[in-house]
Amino acid sequence: MVKVKVEFLGGLDVIVGKERIHKVEVTRDDGNAVNVGDLIDYIVAKMIKEKNDVEVFIDNGSIRPGILTLINDTDWELEGEKEYELDDGDVVSFTSTLHGG
Amino acid sequence: MVKVKVEFLGGLDVIVGKERIHKVEVTRDDGNAVNVGDLIDYIVAKMIKEKNDVEVFIDNGSIRPGILTLINDTDWELEGEKEYELDDGDVVSFTSTLHGG
Amino acid sequence: SKVNNESLSLTEYQRYGRQMIVEESGGLRGQLELKSTRIVVVGAGGLGCPSLQYLVGAGVGHIGIVDNDTVEASNLHRQTLHDTSRVGTLKCESAKQKLNLLNPFVDIKTYPVRLTSENAFEIFDGYNYVLDCTDSPATRYLVNDVAVSLGITVISASGVGTEGQLCILNFKNQGPCYRCFYPTPPPPNSVSSCSEGGVIGPCIGLVGVMMAIETLKLIYGVYTIENFKPFLMSYSGFPQQSLRVFKMRGKQTTCKCCGSDPKITKETIESGEINYTEFCGQRNYNVC
Amino acid sequence: SKVNNESLSLTEYQRYGRQMIVEESGGLRGQLELKSTRIVVVGAGGLGCPSLQYLVGAGVGHIGIVDNDTVEASNLHRQTLHDTSRVGTLKCESAKQKLNLLNPFVDIKTYPVRLTSENAFEIFDGYNYVLDCTDSPATRYLVNDVAVSLGITVISASGVGTEGQLCILNFKNQGPCYRCFYPTPPPPNSVSSCSEGGVIGPCIGLVGVMMAIETLKLIYGVYTIENFKPFLMSYSGFPQQSLRVFKMRGKQTTCKCCGSDPKITKETIESGEINYTEFCGQRNYNVC
């Protein structure tokens, strides 16, 4: 079990009850360390209320293009993406890329 | 012995070699917990190079009017001022109040 | 509520539509709040120019501008509401002329005077908010004291070099005032203005834009007695842009201005008993 | 060095003195760098207006403005360089007229066209920096690709509602480009513009001012190959103003634009082989 903070920024909070910041506890049945992939599954299964909002978040089995994923304010690409093993207190942020000018 | 980060903002870095951020270790001979008052004494004794810069920082035995003191981004008035006992990792910030417009 | 019976014309709907559809703006209700709000801006310089542009653009109904300085070419890198053709003319008039063109629906009044103990009450009376865009400690104390006495919330900011600070003072008469934070003024020789310390135009400009944003939030009702926590924002432009929010002390019962036994009142200010020049120390400030 | 043999006249010294005395500006050397710098700004809207004001105020010598939109009253809450008297006229011309008055020492060129695969190379060629102040993904990819191909550093920003983002792309041809961050475009229906999503004027304005500050830092040489770390700044105006700096990936060797085997080149862009509309999906963007 791991306790982490999850943030939905850049308007993405609309898919999770309009709350930008969520504190969640995620467990794995097999007892292995919980990674970011598990957290994404948890968000889809437990946090996104409307099922047709899932496609705003997930595309083709991964985070939708145009959404940046940050682990402790760092691009997840530098941290191992879905394989990053979460620790208590980690902050995972998802932010929609903005296009207006 | 305590390891803390000390910041000099709003132009105050001029009195400490133009470096805004300093990591310092402060000890007390009597073995008691190191407080913010001790840190201020340490800054005056060890960090301010030019002795006539001390009056930029200290006035009448305390921090000069016009300088805000923050402990972990909180006004020190809420944290016990000089009596606050420092822990490893604490951040103490001094910032000159600006007046330009 | 201070919303009056005014409504929006079709032309106003079209002009403000892009902000009214943002949820945080409160839609029509928020726009009518803006329209009925009266704001006085002290100083049409590096902070005042961008604040005024966005407050007037947003449709704040009534704006006062207090400034007796004239435009200089050396102001224009940061005071972008003015222009070269206005050098030598009053900043408040230069600003008003540009702002009228930006948004003719806003009523703009100019006060081409230096704010003093004698005139401040008359100028501030009737305004809902004061923006402190001035550049000397003495004027900052005066703005604060008069606003507290009249029960007006102040959006106060300052900057020099590449840094800036912003706070909300006397929030609904419950929040701390400038003297709660700074009971004793700084020694006069420790203060530098934009003219002598220098300033990077967009750094002070960014702080002015932040003032407009905080003002809109006050008008929209984002801050309430329940959720307001005293803060001071500290912005730094170089080497990396950063914005920190410090949690600040609340109203001090011992405060001479807003505390339980205030010595600073309309009477003591207007009589000259509170002497700002003496309090802050004699020093020549070059105009900013 | 790209500093040419130009010097400053006494009038210029007086105009820029307040920023030249700030240490971070590099004094006379920095001012001459500004004077010899050529910047093209794509979009004279909510981001472009404040960026242009401060870059022109600061004395950047040569500015290009690309925009084929005309001013609408609904722009004015956030596009404060324009005004009511200019409604219906070209934004690039409206901006130029104001900016010339602000600082007659700046040479301003207008491009009243929509940026396309056909004209982008010709427009960008010769500029030192591109400011991406546009409002659709297709144009953002085009700006990026052409800038990378020409070896130009891009200051890219965007905003909607009360939020904004900013990054520096293709820094000295070593930093990541837009396609390194976003190899696949977002689905067209996930994108909202300022017109349809709405925007609070000073929130997008603050991001535009941040662009000017980043541009000045690039010109002053604050960022170097040695110290530059890719980042993305994320600004939020409500409920509390916050600015976060995310640490981002570096240049991707697999990037189709700036990687080791680029498929996106002057030839494939200009021939239309790289089809931006198809890549980003068909969708009608209302002009912002």
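Going by the order they are written in, the chains are A, B, C and D; count residues from 1 in each one.
The definition used in the following text is that a contact is a pair of C-beta atoms (placed from the backbone, for glycine too) under 8 Å apart; a residue touches a chain by one contact, two chains touch by 3 or more.
Note that the structure is predicted; figures quoted are calculated from it, not measured.
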Inter-centroid spacing, subunit C versus subunit B (mean Cα positions, whole Å): 30
Gap in Å, rounded to a whole number, between the CA centres of subunit D and subunit B: 40
Residue numbers of subunit C (touch at least two other chains): 161, 194, 197, 199, 245
Contact graph of the chains (line, ring, star, complete, other): line
Pairs of chains in contact (touch as defined earlier), listed by label: A-D, B-C, C-D
List of subunit C residues in touch with subunit B within their complex: 43, 45-48, 132-137, 140, 157-161, 163-165, 181-187, 190-194, 197, 199, 204, 232, 234, 236, 244-249, 288
Subunit C-touching residues of subunit B, taken from the complex the two chains share: 9-11, 56, 59, 64-68, 70, 73-75, 77-78, 93, 95-101
Partner subunit D, residues of subunit C touching it in the complex: 11, 14-25, 50, 53-54, 57-59, 73-78, 80, 83-85, 98, 101-104, 161-162, 194-195, 197-203, 205-206, 209-210, 212-214, 216-217, 222, 231, 233, 237-243, 245
